[in-house]
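Just below sit the structures, each encoded as C-alpha cells.
Two complexes come next, and they have one chain in common, chain A, joined by chain B in the first and chain C in the second.
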Partner chain A sequence: MSATALREDQAVITGVGVIAPTGFGLGPHWEATLAGRSAIRRITRFDPSVYSCQLAGEAAGFSVEEHLPTRLVTQTDRMTHMALVAADLAIADAGIDLSGLDEFEAAVITANSSGGFEFGQDELQRLWTRGPRSVSAYLSIAWFYAASTGQLSIRHGLRGPCGVVATDQAGGLDAVAAAGRVLADGVRAVITGGTDASLCSWGFVTQIPGGRLSRVADPDRAYLPFDEQASGYVPGEGGAILIVERADHAADRQAAGYGVILGHAATFDPPPWSGHGPRLADAIRLALRDAGLEPGEVDAVFADAAGIPEADEIEAAALREVFGAGQVPVCAPKAMTGRLYAGAGALDIATALLAIANDTLPPTGAAIRPRADHQIDLVTGAPRRAPVGTVLVVARGHGGFNSALLLRGM
Partner chain B sequence: MSQRRVAITGIGLVVPGAVGREAAWEMLIAGRSATRATSFFDAAPFRSRMAAECDFDPAAAGLSPQEQRRMDRAAQFAVVCAREAVADSGLDLTATDPTRTGVSIGSAVGCTTSLEREYVVVSDAGRLDVVDPAYAVPNLYDFLVPSSLAVETAWATGAQGPVAMVSTGCTSGIDAVGQGSQLITSGRADVVIAGATDAPISPVTVACFDAIHATSPSNDDPEHASRPFDLNRDGFVLGEGAAVLVLEELGRARARGAHVYAEFAGYASRANATHMTGLRPDGREMAEAIRNSLRAAGLPAQRIDYINAHGSGTRQNDVHETAAFKDSLGQRAYEVPISSIKSMVGHSLGAIGSIEIAACALAIEWSTVPPTANLTTPDPQLDLDYVPVHARKADVAAALCVGSGFGGFQSSAVLTRLEP
Partner chain C sequence: MKEFDLDDLRGLMKGCAGVDEGVDIDGDILHVPFEQLGYDSLALLEIAHKIEDQMGVIIPDGSVEKMQTPVEIIVYVNSDVLKAS
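Let's turn to the complex of A and B:
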C-alpha cells in the first residue's frame, strides 16, 4: 500500500528511538534481538542479595551525561532521562524539524507506570533521615507522572494538547494510540511512547509481595512466557519514543515512515471475584474492527507475554478465539528485556516496525517450549523469515487493562 | 453518524468539609473555608503547616473492611464518589452493556500517601538504603502504580470498556473528564465514569511544595490562608478530595429520561513549554486552550456566564490567569463572574479540576455562583469580578472551567445548560 492511499490524518510512525536493555538505538536493539541475546541478569543497580528475586533487564551502560545538559539531568529521574534521550534519537531518525511546526500543532503524549521513582526513594530517605529542609527543590517535578511529557514539551517547544497515560503495562500502547487520535484534531506531529525505570531497591520491592516476579535464579530460565516452566516475569527498564505524524505532513516532507497505526482498542476485565472471563479477545476484535481488518490479514502478534501461567493461558485463549489455534505467529521478544511496564508497548511497536521492514520475526531468546495446550505458534530459537505486512501488538496492565494496536508497513 | 454529545447525569463528591454532593454544594455556596492546621501528622518541621483535610470515615462512606485495607485513600475517595455518582444518575449498570462503559480517572500523585507510609516501614524510617520487604503489605504494587485508582473505579462500577488513567499533574481532573468525554464523542463508549482523586496530605508531598515555596506559610490563620486573587495571597493550601461524574451519550440519557445537570460541551488543553513550575504573566497558552474549548463547544465568548478559575492563590497564577481571560474572552472577561473554590477546599492537585467541573455543573443547576472566600483586599493588578466572599444568584447557562499545572499544562472545559 502506497503512502498516497492513506487518509490525510492517518497516523504514520516516522521516527523511532530505543533505550532498552537490548541496546540504545534501533540498530543495536534489532541486532541483539535477532541474535537472541537476552539482557536479563543479576541486578547491579543495588545489592539484591537479600531478595527472593535478584534478576532484571537493566539498560546497562546507559549514560545520560553524554546526551543531556547537567542541569536537566539533576532535575529529572532516570525514567525521564531515558524518555529525553530516546526522543532525541527518534527526532533525528524521523529527520523532522519540530521548530518548523506551528507550536500548537505539535504535542507530547507519553506513558509511564510509576513515575520518577528512584528520585522519589532518594528524597524520601532524605526527608525521613534529615528532615523536610533537606528535600530537593526538584522533587515536585521529577517524581510525578507528568515529568517526561512536561520536560519533552519544554525541551522541544511543543505547545499542543499534551497527555500522560498511566495504565500500567498497557500505557505504552494506549499513549501511542492517543497520539494517533489527536491528529484528527489539528495536530501534525506528536512525540509519544513510554519509558519506565523503577529499578531502585524500593521500586523493586514494591513488586515482590505480589508474587508475580519469577524466583528462578538462572537468568536464562527465569522469564519464560508461554513455557511449561513459566514461573513469573522479570522486570526491566527503558522503552521507546516514537514520532507519530499525520500522513499528509509526512508525505509533504517526503518522510519514508516505518508504518501506519491502523487501529486500536482498549477493554477492561471484569472484577476478579465476578466469575466472568477476561475481555482481551474483545479488545483484539474491536481493534481489528477499528482497522477494518479480518483476523486472517494479521501476519504476526507481539504478545503481552506475562510469563505467569494463568495470564499466559488467558492470552493464548484470546488468540485462539480470534485467530484460530496456531494460525498466527506469536512473538515475545520481551523475554530478552524483561517487562518494561509502560516502556513495553512502545518497544514492542518499535520491534514490530523492524520486523515489518525486514520481513523477519524476532525470536524469544531463550529456547521456550510453549505449553502444548496453549496452541500458539511462538517464534522461538531463531528469527523467522516471513512476509510481515500487518502486526497486532497486545499489552495488558495489572488489574485488568487490555490494549490492542494494529500496525502496517508503508 | 450525527455528532455525539455528552451529558453529565451523575455527580459524586468528597471534599474537605463535606462528604457527598449536597453537603459539598451547601458548603461552597455558604463560602465556608475548610482549611485548617494540619492534623494528619506532626507538621511542626514544615514551612506550610495547614491543609484542607477531608473528615472522611471510610466505613461510614460504605467501604467494606477489605476495601479499606486494599485501597489507598485516593482510591477510597474515587470509589465512594463513583458509587454516589452512579446512584445519582439513576443508571442501572446491570442493565447497561458493560463493554460500552468506560472509565477515565485522573490523579496527580496517585497513591503517594500509601507509598510513603510503606516506605517508612520497609526502610525502617529511612535507615536502610536497600529496603526490606519483610513487613510490606501484600498489595504494595497497587500503590506503586496510580493505575490502581482507575482499576478500583472500574471494579466498583463494573465497567469493561476502555479504562484510562490520566496523570497530567494539576490539570489531571479537567483532562480526565475531557478525555472521558472524547470516549463518548468518538463512539468508543456510551457511558463513562470520569473524574479525579488525590489524597496528597503526607509529609513527602508537603515537603515537595515547601521546597519551592508554592504553599502558603500563613500558619497563624489557617482558615483564611487560601486567598486567591487577594492582594495578600501567598501560595496555595494543599487539599485532598475527589469528584466523579457519570458522563452519558446525550441521546441515551434523554431516552431514559435522565436528569441532565449540564452538557459537557467542549474541552481543550495546551502546554506552555516554558517552565515546569513557572508561568509567564501573559497567560498565552491558557488563552489558546480557552479559545479552543469554546470553539469545540460552538460557543462565542459572550455566552460564558461563569468562570471557575484555577485560582490557586499563588502570586504568579492569579496574574497569569487574569491575562488569559482577557486575551481569550475580550470584553466578556470584565463582565463575567469568576471565582475560585480553592479558597474553601484548598488545592487537591489532580482532583481539583474534576471537583471544579462538578461545581460548574451545580452552578448551572442551582443558578448560583460560588464565591471566592477570603478575598477581602483586592489586588489592583487583578481587575476582574472575582465574586468575593458571598455566593451570587446568577443565571448560568454556560460555564468555563480552567486549570493550570506543573509541566506547563493548561486545560479548559465548557459546560452548558441543556435547553429542553
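Let's turn to the complex of A and C:
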C-alpha cells in the first residue's frame, strides 16, 4: 500500500516494544513464537502449591534493575516497570524524538486491568503486620490503572490527551484504537498498548475463584484454546507498547512503519436474560465497516482464544458467521504466553505486524487439535507461510467486552 | 536521642525512594534542593515515616514534606521539637 493511499491522520504504527513471557524484545518474542516455544510453566515467583492453579506465563527474561533508575522502580509496580521499559524499546524502535514535539502534540493512552497488584499486596501485608504508618506513600500512585500512563507522561513530557482504558482483556485493542482516534485532533504521536502483571499470590487469589483458570497441572496441556480438552486459560504477564503516529508526521520524518490501523469497533454483550446473544460478530462486522473492508479481504485472524469451552464456541461461531466456516486462517499464539489481560491485544498486534512483514502465520503452539464443530482453520504445530496483508485481531474482556481491530502492512 | 546525620538521611532517601538518573546522592547534598535531587512530596512523606521508625519520634503530618533541602530535615529532627513515639 503506498503512502498516498493513507489519510493524512491515519494511524501508523512506527515502533514496537515487547516484554512478554516469550521474550524481552520483539525479535526474541517472534523467534520463540515461530519456534513454538511455550513459556507456560509452574510459577517461580512465589510458592503456588496451596493454589488449585499453579501455572503462569512469567516474563522471566526481564529484570527491571537493568533498565530503570531505582527512583522509578521503588515507586511503581511491575506492570509499570514493564510499560516504561517497553516504551523505551518502542521509542528507540520508532526512531522518534519525542522531545522535538510540542508537549500537547503527543500523548499516552495505555490499557491496564489488574493495577499494581504486587505492590498493593506488599503494602497490605505491611498494614496488617506493622500498622498504617508503615504503608508506603507510593501506594497512592502505584496501584491504580492509570499509573503507567501517568509515569510515561511525566517521564517523556507528553501532555496531549492522555488516558487509560480498563476493559479487561479487550483493553489492549481499545487503547490502541483510542490512540488512533486522537490523531484526528492534531496529536501527532501516541505511546499506546498495555501491560499487566498480576502474578503474585494476591493476584492468584483474585483470579482463581472466577473459575476461568485451568486447573490442569501439565504446562503443555493446561491452556488449549479451541481444543476438545480446553479447560480454561493460564494467566501471563507483560504486553507491548506501540508508537502510533499520524501518517503525515511519520511520512515527514521518513519513518518506515510496520502497518496501519484500518478500523476498530467495540461492543458489549447483553445480559443472558435479555434473549439477545453475545455481540462479538457485531464487533467484527462493525470493525470491517469502519475499515471499509469485506470479510474476504482479511488474510488472518488473531483470536481472543479464551480456552474456556463456551467462550471458544461463541468465538468460533462468530468467525463462522462473519467469514464462513474455515474460510480464514486463525492464530492464537497466546497459547504459548498465557492470557496477558491488558497486554494481550497489544502483543497480538505486535505479533500480527511481524506476521504481515514476514508473510508467515505463527503457530498456536502445543499440540492443539481444534474441535471439528468449531469449523475454524487454526494454525497449529508449525508456522504457515502465506501472503499476509490484512489481519483482524480480536479480544474479549470478562463481563462482556468485545473488541476487533484491523491492521494492514505498509 | 541519638543524633540524626546526613548519612542517616541519605540511607533513608535511597531506601525509600531510590535514586534518580544522573544524581550523585553520595556527594555534598546538604544544601541541594530536593526537587533537584528528584524527590517530590510523596518521597518526603515516605522519608518522614521512616525517620519516625528509626528515631522513635512522631513527625507531624505536613512538616517534612514542605522542607526544601536535606539540612532542614536534619536540623528539625535533631531539635527538641519532636516528641518521642
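The rule is simple: the second predicted complex is superposed on the first by the 409 of 410 C-alpha atoms of A that agree within 3 Å, B and C clash if a C-alpha of one lies under 4 Å from a C-alpha of the other, contacts with A are read in each partner's own complex, and residues count from 1 in each chain.
Keep in mind that, in the parts below, a residue touches a chain if its C-beta (ideal position, glycine included) is under 8 Å from a C-beta of that chain, and two chains touch if they have at least 3 such contacts.
Being a predicted model, the structure only gives us computed values, none of them experimental.
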Partner chain(s) touched by A:69 [first = chain B, second = chain C, both, neither]: second
Touching partner for A:381 - first (chain B), second (chain C), both, neither: neither
Which of chain B and chain C A:141 touches, first, second, both or neither: both
Chain A: partner with more touched residues, chain B or chain C: B
Shared contact residues on chain A - chain B and chain C: 75, 133, 136-137, 140-141
Parts of chain A lying in touch with chain C, wherever the complex brings them together: 69-75, 133-134, 136-138, 140-141
In the complex with chain A, residue positions of chain B that touch it: 45-47, 98-99, 103, 108-110, 115-116, 118-120, 122-123, 125-127, 129-133, 136-148, 150-151, 154-155, 158-169, 175, 179, 182, 186, 188, 203-204, 206-212, 214, 268-277, 285, 288, 405-409
For the chain C and chain A complex, residues of the former touching the latter: 14, 16-21, 38, 42-43, 45-46, 49, 52-53
Residues of chain A touching chain B in the complex: 46-47, 50-51, 75, 103-104, 107-108, 113-115, 117, 120-121, 123-129, 131-133, 135-137, 139-141, 143-147, 149-151, 153-154, 156-168, 171, 174, 178, 181, 198, 201-203, 205-210, 212, 265-271, 274, 279, 282, 397-401
